[in-house]
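I've put the structures underneath this note.
In the two complexes that follow, chain A is the common piece, with chain B as its partner first and chain C second.
== the complex of A and B ==
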């Protein structure tokens, strides 16, 4: 079986399992865990898209929060139905990323990850200061007006995945990979590096905003503490532990780590300990993540197949 | 006492500690070209260790508070140097000049260390009791002796680091590797040694800042992240890798925090700092004191 076919089959199986759980299982705890995983998959995919161009966008946490607060505000204050509220939340996060990216993406390298880290923290502080947004206690009663909302979240996650894979494999995707390899080369053929990066940030932030909007409606309660810097750091852990070289890696990393985190929390330990140790050990001993391990297994299986 | 003078004194004092902390971050960036997201954890560990050891030592020996503080501080620094060297050998050395890999591994390390601290020290805030109780008046403001001592120590440390980097052979080697690694290698320098030295000194500066701040503020296992966010702002304003930039940036951030924190509130002060950084990036992306053109 080819590498791509294997991974996409795996992702498809996970998608069907998640959708079936949302539609058929009556236990609200399982459904809640599936929704939480799906939203983290979206966040991890958004972060990964910016990693393709070689930038670490810790601002996804901030844009996730921006989407959540926009959607929450629309629903609670104006009684806007769920779907337009999600669309607005997505759009606001995307639009907000443009001036931010215009300022920060002109210099390459470490500046962007530092300032995107600061952005997530500052946005969280802004929410705590704003009375209209509920201050420290946040917003309650963000209730979706449509049935089977968890299933919708899973379907939207699947669609986001497909759109991002399409972008990654289009001409645009080749340009951003080339930027990660050599900015000078891309500039030499007449493509604007800052504009391409800005486009990546826009896509990454729209995805994060979509995740955040659905988070607000799925959770019905949001507070500034939900959108601190740990959110993008966890997403980064999912991408790295899953493996960065294939889009399914982000999905695998999220699913495996979320299940482990549930078990660890069930045992009464801190999930930050698990995530911290998992990130450090992965970076030291398994830098290609699960995808790297599975690539090796697949290569061995295929070579045995051809030998026969 | 006039309020503005008081605020300026406070701003200088907190700024001096930020300078020491940010100098460590910028020094590590200089020699290894990585941002150490676990830099704040060295600060936290030193502060918490000093705060835990001082009462124990006093109970055992009956030393006065300032003497117990001095002994514990030195012991903690020795321990931190060992921890820094071990972490360099096991983790950091592999990620030199790999900014993205280093970012991820140091974020993981930061989470891991924070969890270990809250398991070992508990989540209750800790503080070192005042070293020398009392205050004195200074230019119309009042300042506690402790804050004065801390300010003086921070200035001496900064001057010492300056002397080390500008006037000694080892300092020259550090600057050479920071500015042009290939040229330094061609001169026969061993950049692994220089990176180890730079990393340990940088981590010690973080630990020094943590130990220095312990008598004037409460520390929790998670406090490192707050200081790290400010250190990022400082080194972006001053220019990453720039020593004078970190010094000027540290005082600017200390001042803004003190003034905006009084007239507005501490959260607005941090938001104001973020606006400042955005403005600096717009006008002078390489930082206000960096000579490197980009």
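== the complex of A and C ==
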């Protein structure tokens, strides 16, 4: 079986399982876990999209929060229905990323990572100071007006995945992967690197904003603490553990680590230790993540297939 | 030559701190000409290349290309006008396939995906890279990588292709191959070529004209035959090569 076919089948199976759980299982805890996983998949996919161009965008946490607060504000203050509220939250996060990126994408590498980290933290602090947004205690009563909201979240996650895979495999995706390899050569062939990176950030932020908006409605309660720097750091861990070289890696990393986190939930705050250990072990024993591991298994299976 | 020059520089100067890397460099390059830029290490060849392609800004002087002043433009804008360069290192996209590499090169020069694919395939064929079309660029032999970086640049359909030491680090067979391809481009005469090279024999064989730099200044300019007889050049450059 070809590599792509295998991974996309796997992702498809996960998608169907998640959707079935949301629609058929009556246990709200399971459904809540699925929704939380789906939202993390969206966040991880958004972060991964900037990784393609070679930048670690920890700002996805900030844009996730911006989406959540926008959607929450729309619903609580103006009674706007769920779908337009989600659309607005997505849009606001995307638009906010443009001036941010225009200024900050002049730097790259560690510098961009630190600035995007700062953005996430600054936005969190802004929420705590704003009375309109509920200060430290946040916002309550962000209730979606549509039934089967968890299923909607899963479907939107699936759509986001497909759109991002399409982008990655389009000519635009080819150019952003080229930038990760040699920025100078991309400029030398006449392509504006800052504009391309800005476009990349826009896509990444729209995705994060979509995730955040749905998070607000799925959770019905949001507080500044939900949108700290750990959010994108965990997303980064999911991508690295899953494997960066295939879009399904982000999905696998998120699902596996979320399930693990549920199993050790009794440990409380010490689950962070588990993540630290998981990252260290991944770096040591499978630097290419689950994808790298499975690539090797697939290659062996295929070579055995052709030998016969 | 009687035609209007494609590229003109006048009084080009660039200093790094107190050190003048290029001083008062003026030259002309004509359409479809092959011009060699040679000089010993530290002569300012790479700096000149960076100044022409917009990767460095000059402290003084002007660069005109095809009727526009380009010394204040960004590299991407200069490239879109038709002056396209390669680099000594990192001049390709290691993790992309050969086809994807050249497709990226064809981004600006083509309008539709079909046209882009057609141009990329033709260019890959022109540079004899068809057997590797779906291989990751990083896995190619050294000489083929050099050809690929030229193919990427060539897919932009440049008026002037600037090659930064395309032969450095190649063995004899690889050198012969790259020279064969450059000769092929030369016989097309569709694009002018400016190249910086250490391999004196190759430069003498290929170029219509040669400019010799030493310590940031132009010390000679002329046909290969004239250059090889110039006493100043022999002293500065050819002397220590023999």
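FYI, the second predicted complex is superposed on the first by the 304 of 308 C-alpha atoms of A that agree within 3 Å, B and C clash if a C-alpha of one lies under 4 Å from a C-alpha of the other, contacts with A are read in each partner's own complex, and residues count from 1 in each chain.
Operating definition for what follows: contacts are C-beta pairs under 8 Å (C-beta built on N, C-alpha and C of every residue); 3 or more make two chains touch, one makes a residue touch a chain.
Since we're looking at a predicted model, the values are computed, not measured.
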Touching partner for A:167 - first (chain B), second (chain C), both, neither: neither
Larger contact residue set on chain A - chain B or chain C: B
Chain B versus chain C as contact partner of A:187, first or second or both or neither: second
Which superposed partner A:237 touches (first chain B, second chain C, both, neither): first
Touching partner for A:275 - first (chain B), second (chain C), both, neither: first
Which superposed partner A:177 touches (first chain B, second chain C, both, neither): second
Which of chain B and chain C A:91 touches, first, second, both or neither: neither
Partner chain in contact with A:80 - chain B first, chain C second, else both or neither: neither
Residues of chain A that lie at the interface with chain B and also at the interface with chain C: none
Footprint of chain A on chain B - complex, ascending: 29, 35, 90-91, 94-95, 99-101, 103-105, 107-116, 118-119, 225, 229, 232-233, 235-236, 240, 267-268, 270-271, 274, 277-278, 281-282, 285-286, 294
Residues of chain C touching chain A in the complex: 53, 55, 74-77, 79-80, 84-87, 90-96, 100-101, 103-105, 107-109, 113, 116, 149, 152-153, 155-156
Sites on chain A touched by chain C in the complex: 171, 174-175, 177-178, 180-182, 184-193
Chain A residues within the chain B interface of the complex: 51, 54, 56, 103-104, 106-111, 113-115, 117-119, 121-122, 125-126, 128-129, 229-230, 233, 236-237, 240, 270, 272-273, 275-280, 282-284, 287
